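Labels run A, B, C, D and E following the written order; every chain starts at residue 1.
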Amino acid sequence: MGIDMIIFTVLSAIAIAAALGVILSKNPVNSVLCMITCFVAIAGHYIMLNAQFLFVVHLIVYTGAIMVLFLFVLMMMNLNADIEPQKRNWLKYAGAISGGALLLVLVAALRDASLPAIQGGGNTEIGLVENLGKTLFTSYVVPFELSSVLFLSAMVGAVVIGKK
Amino acid sequence: MIHLVWLVPFLPLLGFLINGLGRRYLSKPLTGFVGSGSVVAAFVISLLIFFEVRTPGFTPQVVTLFDFISVGSLHIPFAFQVDQLSALFLLIITGVGSLIHIYSTSYMHDESNEGFARYFAYLNLFVFSMLILVLGSNYVMMFIGWEGVGLCSYLLIGFWFRNIEYNKAANKAFIMNRIGDFGFLLGIFLLIQQFGSVTFSEVLPQAAAMGTNSGVLFAIAMLLFIGAMGKSAQIPLYTWLPDAMAGPTPASALIHAATMVTAGIYMVARSNVIYTLAPHIQTIVTLVGLATALLAASIALKQNDIKKVLAYSTVSQLGYMFIALGVGAYTAAVFHVMTHAFFKALLFLGSGSVIHAMGGEQDIRKMGGLKKWMPITNITFLIGCLAIAGIPGLSGFFSKDEILAHAFGYSPVIYGLALIGALMTAFYMFRLYYITFTGKFRGTHEQEHHLHESPAAITFPLIILAILSVIGGYVGMPVVFGMPNLLAEYLSPIFAPSVPFLHEHHLSHSLEWGLMGLSTGLVIVMILWARSKFANYTDNGEPTTGLAKVLENKWYVDEIYDAIIVKPLMVLSRFFQDVVERSGIDALVNGVGSAVKWGGGRARLLQNGQVGFYIFAMVIGMIVLFVISLFL
Amino acid sequence: MNALITTAVFGIILMFVGLVVKQRQYIKYVAIAGTVLAFIANLLDAQSGYGVLHGMVEVSSFSVLFNAVAIASTALYFLLCGSSFEKVGEDVADYFALIFFILAGIMLTGAYSNLLMLFLAIEIISIPQYILAGADKKNLKSNEASLKYFLMGSFTTGILLMGIALVYGATGTFDIREMGLGTGELSPLALCGITLLGFSLAFKVSAAPFHFWTPDVYDGSPTVFTAFMATIVKAASFIAFMRLFHVSFSGGNVSGHWQLIIAIITAATLIIGNLTAVFQQSVKRMLAYSSIAQAGFMLFAIVSHNEMANQGLILYSAAYSVATIGVFAILLKLNDYTFDGFNGLARRQPLVAVVCAIFLFSLAGIPLTAGFFAKYFVLSAAIQQGDLLWLVIIGVLCAAVSAYYYFRVIIAMYFKPGEADAQGVTPGFKALLVVAAAIVIVLGIFPNLLLQYL
Amino acid sequence: MPVQYYIFLSIALFCIGIMGVLMRRNAIIIFMCIELMLNAVNLLLVAFSKMWVDAGRIDAASAQLFVFFVMVVAAAEVSVGLAIIVMMYRNTHSVDINILSRLKN
Amino acid sequence: MLTVLLILIPLVTGLITFGLSGRGAKVLSLISSLATLAVALAAWSQFRTAPEALSFTAEWIPQLNSQLNFGLDGLSLMLVLLTTISFPLIFITVFSRNYEKAGAFYGLMLLSQAGMLGVFLAYDALLFYVFWELALIPVYFLCSMWGGEKAIPVTFKFFVYTFAGSLLMLVGIIYIYFQTEGSFSWQAFTSLSLSNSEQSWLFWLFFVAFAIKMPVFPFHTWQPDTYEQSPTAVTMVLSGIMVKMGLFGVMRWLMPVLPQGAYMWQEAAILLSVIGIIYASCIAIMQSDLKKLIAYSSIAHIGLMSAAIFANNEQSLAGVQVQMFNHGINIIGLWIIIEVIEQRLGTKNMQQLGGIAAVAPKLSILLVIISLANIALPLTNGFIGEFLMFSGLFQHNVWFAAVSAIAIILAAVYMLRMLQKVLFGEANALTSATTDLKGGEMLALVCITAMIFVLGFYPKPLLELVSGSGIQNTVAALTGR
C-alpha cells in the first residue's frame, strides 16, 4: 500500500465519517462543523488529484464563505438547539434504506466499469491557476460571461426575496 | 291487349291516388264511382286478356316496365307475366273486387265523406297490390304485392282507428304476416343464391333440372311455405285472420276470404315444380293444411259471431286448398280458390247485409228468423251455405270433391280426416244459417223495427255471386261425369313441368262415385242434424263446459301464443333493456369514466404536500427505473 | 447569440428601469420593447449565419426558430399578462428583469453545445424561478411553492451534475457532439450518467415520477408567473432535454438503453397527469396537472428521435405556450379560480369565452387548432420510431381523458348559469386575445407556416 | 490507483447526501446535504480530470473548470436558497419543511 | 371547383351566421343550404358526364405531404346529396321556431354541415380526420346548449366516446402513413400491401372509431341518450347524416385499405352487428319515449348496414349505399314528426299520446307512410336497400341473415306499436288540442314522402349512382388482393 493509498484511505474515512456526522447529528451547528470537516477532507483529495487551484477555491468559497453563511443563518435563527421535531421513525429508515439502495444500485452498475487508472505523475500543472485561467478566458469565456447573468439574477432574487 | 296489362293494376292505383289525395274534395258518389269504376275497368281489361290467353297455343308473355333493381349480375325487372294462372287470378280478383266495390258504395254510406274516400282508397290500393302479386313476373314482384296486401289488410282492419282493439287486431295481422314474409324473404334470398335470379321463367326450369331430393329445393320450398302460412292463415300463423274481422265486412269479404288469403295458394301453385320436387315438404304442406282444416272447423262449431264463423270457415277451407297442393292436386287447389272466392265472398257479403240490417250487431244469438225480412239475402246466403257444404251440383261440391278424391289417392287416412272436416263445415254453416235466418227474432224491438232488405247495390252483388256459386263448378267437373275438365285443360301448361315428377293415383270410377256418394250422404245428414238442433234456436245463456268451452275459446291458442311467444319476448326485451343495457354495457362505459375519476381521486392523494415525501418518491422512482434499465 | 445578449442586457436594463421609472405600469412597455428587440436580434442571428461559438453555443436554424417561438410567446405573455405583475408585489421591474434572465437561459437551451452550457442554462432558468415562485412574500402558499421548488430543484441539480460527471468519466468530454457514445461498447458509467441526466431533465419537464413539484409550485406561485413557468420555461426544458438526448445519446445502440426508461416515464406521466387533472376543483391547479399531461405528450418527441420529433416539439412548444398563456391571461382576469368561477362567462364575455374555448380546444388537441398538429406530430414521431405503439395507444386514450377536464371549463362557461365576469377586460386585451386565438387557428390549419423555417 | 475508488467514494458521499435529504426535516440541513451532493460530484469530476490527464487528454482542464462553475452556481444557489429559507422563517418561525404543506392533492 | 364550393358555402355562411341574430340567421342559413343543394345537384349532373373534373387537389402541409384532396365517387356523391337535401329540410321544418341565440345555432348547424361534407369528400386521410372531428364539435355544442336538462353530461359522454374512438383511428392513419412512404392520399393507402398481422390490429383501430360513430353494439350506449336529449333539429343531423359517417368510413377507409384485416375480422364484425340488430330491436319494443324508440330502431338499422358492409358482396354493398341515403331521409322524416308532436304537446312519451289521427290527419298519414318506409315496406325507399342488404348477407352467411331478418318482424312490432299509441284510439285531453301540420313542416314532409315513393318505385338513379364507380372500386379492391 503506497503512500497515496494511505492518504486516500484516511481522507476518505474522514470525509465519509464527517458526512455521516452531518446527517446524523442532532444539533444543526454540529452538522455544519461536520460539513466543514468533510469539505476539508475533500480539499485534501483535490491536492492529491493535482487540482491546486480548486483546492484553494474550495477552501475559500465553500469552507470559508458558504459554510459560514450557513452558520450565520443558523445562529440568526437561533436554531442551534435541536428544534427538529421527531420525524416518524419509519420515514427516517425508509430514507436511509432508499439512499442505501441507490448506493447499492449505482455501485453494482459501476463496479465493473473498465477505466484508465490514475497513475500519479503525469501533467501535474493542469490544475494551476495559470493553466486554468488561460482556458477560462479563451474557450470558456462564454460560460464565464454567462455566469454573470446567473449571479445577477441571484442578486436580484436575494434582494427581492430578502427585503422587507 | 296483353301489352296493356299494366293498366290492370294501374287503374286501381289511379283510383287510390284520386280518392286518397282528393278525399277532402270529392263527394261520396264521385268517390264510389272512381273506386268501383277503376276496378270494373280493370275487370274488363282482364276479361279481354283472359280471352286472349285462352286461345290455343298461347305462350306466357312478360311485359317489362323498367328495371326495378339491378345490381351486378342480379336483375329484377318491374315486369308482369301474363299466363293462364295469372289471367285466371286477374279475373277472380277484379271480378269479385268489382262486386265488392259496388257493394261497398252502399254498405259504407254511413261513413263521413273523408272516411268513405279513405275506405275506397284502401280498397283500391289493395286491388292494386293483389294484382301486382299475381301479375309479377318474379318473386320480388310477388313479394311487393305480398307485403302490399298485408299493408292494406292492416289499414282496413284498423279502418275504424278510434277503436284501439281494432288496431291491435290490425297490428296482429300485420306482424303475423311479417313472420310469414320473413320466411318468404329468406326463400327469395336462397333462390338468388342458388339461381342468381328471381324471375319465374329463369328459376323454375333451373329448379326442375335439379331433380327431386335436392336439399336446396327442400329449403326453398319450406321457406316459401312459411310465407304462405302467414298470408294464407295456416297453423301456426292463422290467429290473425279471425281477429281481422274487425275491419269493414266488404273488406273482409275481399281480403280475408276471396283474394289475399289465397295468395299462399297462388304462390305454391306458381312454384309447383319446386314443391313437386320436394316431396317431404309436400307432406308437411298436406299435414299443415289438414290440421288447419280440422282445427279451424272445430273452432267454428262454437262461434257466435257471424263473421268469426265465416273467418274460421275460411281458415278451414284454406287448409283444404293446402291439402290439395300437398297431394299434388294443383288444379284442384286453384279450382277451390275460385269457387271459394265465389261462395265465401257471397257469405261474407250476405253477413254484411245482415249486419247492416241489424245496425252493426254481429252476434247470431241476438238474431233469428231474418228470412222474413230479408228474402234475397236469405236465398243467396243459403246458396252459399249449400255450396260450401258441398251439395252436388253447386260449385263447392266439385272443387271439394276433387280435393277429397286426390287426398284419397294420396292416403285414405287423410281422406278420412278431411271428410270429417267437410262434415263439420256442413254442420257449422247450417248452424249459422238456421240460427240467423230461421226461428224467432231474438234482438231488441228497435232492431226489429229497423229490419229491412238491403238496397240494390248490396243485393246485386249477392245475386251475381250466388249465380257464380252455383255454376262456377262446371268449369272443373271431374272426369267421371264424362265432361271435359275445362279448368284442368286451361291450366295444364302451368303445371306441366310438375307432371313428370307427380305420382298420379288414378281412382277407379266406381270408387270415385262411391266416395262422392258417401260424402254427399253424410253432408246431408249433417245438415239435417243442424236443422233439427238449431232451426228453433233459443239462447238459454248457460255457460258452456268441457270441450265446448275449449272450442268456444278457440282451443286457447291465443293464450298459448301469448304465454310462449309474446311474454318471453317482452321478458327478453326487458332483460335487455334493464340488465344488459343499463347495468351491463352502459354501466361498463360509465364505469370507465368512473374508474378514471376514481383513479384521479387516488392519484391526487400521492400529492400530499410534503416535500420530503416528494423527494422520497423521486428517489424510489429513480431506483426502480435504474433497476429496470440496468438489470432487466 | 445576438438574441441571448439582448435579453441578458435587457434584464440588466430593467433592473435599473425600476429605479428610474416610478410609474410601474410603464415598465411593461420597456419589457415589450425588449422582446421586440430580442426578436429582431434573433432574426439577425439567422442572417449572420449559423455556427458554433467556442464549442459552447451553436446557432442553428433550430435554435433560431425555437428562440423566435420563445421570444414571441414571451412578448405575447407580456402583452396579455404584463399588467398583472403589479398585483404581485413592489418590485415590478425586478420581476421583468428576472424573466429576461430566464429568457436568456431559454435562449441557451436551444443552442448549447456543451454540457457546461446546459448546466448553466438550466441554472439560469431555475434560480430566478425560485424567486418568482416566492415573489408574493407574505403569502404562505407562495413561500411554500418557492421552498419546495428550490429544495427539489437543487436536489435535482445534484443528480444532473452526477450524470454529467459520469458521462464525462466515460467519454472525457463535455461537448455534446464529440462524445461518440454510439461507437463501441457502452460503458456502464455512460449508461448511469445518461439515466441520471434523464432523471434530472425529466424533473425539469415535470415528468412522472419527478413531477411532484409541479402542481404545488404552479398552484402556489403568483398566477402571472405560473403562466410563464408552465409554458415557455417548460418548453425550453423540453428543448434542452431533446437536444441532449437526440444529439449526444443517439446513434449506435445508445438510444436503446434509455428509450425504455423514457417510454415508461412517458406512460406514467400521461396517466398520472391526466387522471389527477380530472379531479381538480381549481382551474389553476387543473392547468398545473394539465401541464404534466401535456409534458407526457411532449415526451413522445424525446422517446422518438427523428426529424418529426424535432418539428413536433417546436410546434408543440408554440401551440402549448400560446394556448396556455391565453388561458392563464383569462384566468388572471377572474376573481374565482375554481371551475365554478367560469360559470356563465359566455354570457357576460362572449368573445373572451370563445377565445378561451379555442385555447382549450388546442390544448385538448381538436383539429384546426395548433394543438392538434402538435399532438399529431409527436404521435407520428413515436409511430415512425416503431415499437412504441402501446405508448401511442395510451397517449390517445389519455388525450380523450384530457378532453374531460378541458371541456369542464367550456361546459362551465357555456352551459352553466352563473355570473362570472372578467375584471378589466379592455378592448386592447380582447384584440390581443383574438390575435392569440388567430395564431392558434392559423397554425392549426397551416402548421407549415412555422415548420418551413426548420 | 484505480479510479473506481474515487467513484465509490464520491457515490458514497452523494448517497449520504441523498439520505440526509430524505431523513431530515430542517430545511437548512437538507440544503447542506444538497451541497454535500454537489461536492461529491466535484470530487468525482476532479478525479476524472486526473484520470483523463493521465490517459493523455490535453483538454482535461475542462473538468476542473466545470468544478469551478459548479462552485459558482452553488454560491448563487446558496444566496437564493438561504434567502428563501429566511423568508420562510420570517413567516412561519420555523424551518421545518413539513410546516408548509398547504398545497396538496 | 364545385367540390370545394360544397364545403366553402356552409363554412363561410356558417361563420357569418354567428354574427347575425334571429330572422337573419334563419334566412341566411336556409339560403346557404339551398345554395349548397344546388351545387350538389350541379355536381351530380357533372358526375354523370365528367366525373374526373370534380376532383380537386392543392398543397396543404408539404412537410407531411398532405394535400387538400377532394373528390367524388358514387358513394360520396350520394352522401353529399343526402346531406345537402337534409339540411334545407331541417331548416324548413324549424323555420317557425325561434331558438335562443339563433345566430349561434344556425352557425353551428352550417359548420357541422361543412364538416360532414368534408368527411364525404376528402380523399386525403389527414383531411378526412380533420373533418371528422370538425363535424363533431359543432354538434357537441348544439346538443349541449339547446338540449334537454340532462344534455350536458349525456353529450359530453358522446363527445368523449367518439373522440377516443377517432383518436384510435388517427393512430391507425399515422401508422399506415409511414408504411406508404409518406402519403396520405387514398390511392396510396389503398395500393399499399400491409402484412396480415398489421392489418389485423389496424382493423380494430379503425373499426372501433367507426363502430362508435355508427354505432354498432356494444359501442352504442351514447346514442339513445344523446338522441333523446338533443334538440330535434340536431338529432336529425346526428341520426340522418352523422351516423352515415361511420358507415362511409368503413366503406372508404377501412375495407379498401385493410382488405385482409376486414376479411379476418369479417365474421366478428358481422356478429356484433347482428347481435346489435336483434338487441336494439328488442329494446325498442320496450321504449315509451318516442325519441328513444327511434334511436334504438336506428341502431338496429345501422347494425344491418354494418353487417351488410362486412358481408362485402355486390348486393350487400349496393344495398348499404342505397340504404344510407334512404335511411337518412326516412329518419329525418320521423324526427320532423316527433319534433312537431313535441312542439305541439310538450311531450314525447307515448303513454300520454293517442288519438292524434282523429285530430291531425295529415300528420298521421305522413307518419304512417314514413314509419312504413322505415320498416322497409316494398315500393317505399326503405325496401330496396334492406332487400339487397339481407340478400347480400344471405349470400355471405345464411344464419347471420336468418337471425338478422328477424328484425323485420321486430321492426313491425315496435313501429306499429308506436303508431297505435301515438295516432290511434280516442284523443285524450292533451292530444285533442293538437293542430295539424303547418307550412314548413308540411313542405318538408311532403318532400320526404315524395322521395320515399319515387325512390321506392324507381330506385334506378340511386342504384346507378352506387353501382357506378363506388362499389366496383371497393369490390375490386377487395377481390383484387
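We adopt the following convention: contacts are C-beta pairs under 8 Å (C-beta built on N, C-alpha and C of every residue); 3 or more make two chains touch, one makes a residue touch a chain.
From a predicted model like this one, the values you see are computed outputs, not experimental measurements.
Enquirer: Counting hops between chains that touch, how far apart are subunit B and subunit E?
Expert: The fewest touching-chain steps linking subunit B to subunit E number 1.
Enquirer: Can you list every chain in contact with both subunit A and subunit E?
Expert: A chain counts here if it touches both subunit A and subunit E, which gives B, C.
Enquirer: Using CA atoms only, can you tell me which chain is the most central one in this structure?
Expert: E
Enquirer: Let me spell it out: compute each chain's centre from its C-alpha atoms, then which one is farthest from subunit A's centre?
Expert: The most remote chain is B.
Enquirer: How many angstrom lie between the centres of subunit B and subunit D, each centre taken as the mean Cα position?
Expert: 96
Enquirer: Which integer distance in Å separates the CA centroid of subunit B from that of subunit C?
Expert: So the centroids are 77 Å from each other.
Enquirer: Rounded to a whole Å, what is the gap between the Cα centroids of subunit A and subunit B?
Expert: 102
Enquirer: Using CA atom averages as chain centres, what separation in Å is found between subunit A and subunit D?
Expert: 6
Enquirer: List, in ascending order, every residue of subunit E touching at least 2 other chains.
Expert: Only 160 qualify.
Enquirer: Please output the residue numbers of subunit C that touch at least 2 other chains, ranges allowed.
Expert: Answer for subunit C, listing residues that touch two or more other chains: 116, 120, 123, 127, 130-131, 134, 137, 146-148, 151, 155, 166, 169, 188-189, 191-192, 215-216, 279, 401, 404.
Enquirer: At least two partner chains per residue is the criterion; list those residues in subunit B.
Expert: Only 593, 604, 607, 609, 611-612, 615-616, 619-620, 622, 626, 630 qualify.
Enquirer: Go through the chains and record each pair that touches.
Expert: A-B, A-C, A-D, B-C, B-D, B-E, C-D, C-E
Enquirer: What part of subunit C is in contact with subunit E in the complex they form?
Expert: Those in contact with subunit E are residues 311, 361, 366-368, 372-373, 376, 379-380, 383-384, 389, 392-393, 396-397, 399-401, 403-404, 407, 411, 414-415, 446-448, 451-452.
Enquirer: For the complex, give me every residue of subunit B touching subunit D.
Expert: 604-605, 607-612, 615-616, 619
Enquirer: Under the touch definition given earlier, write down the residues of subunit D that touch subunit B in their complex.
Expert: For this pair, the touching residues of subunit D are 18, 21-22, 25, 97-98, 100-105.
Enquirer: Mind listing the subunit A positions that touch subunit B in their complex?
Expert: 91, 94-95, 98-99, 101-102, 105-106, 108-109
Enquirer: Taking the complex as given, what residues does subunit E use to touch subunit C?
Expert: 60-63, 126, 129-130, 133-134, 137, 141, 144-145, 151-152, 156, 159-160, 163-164, 167-168, 170-171, 174-175, 177-178
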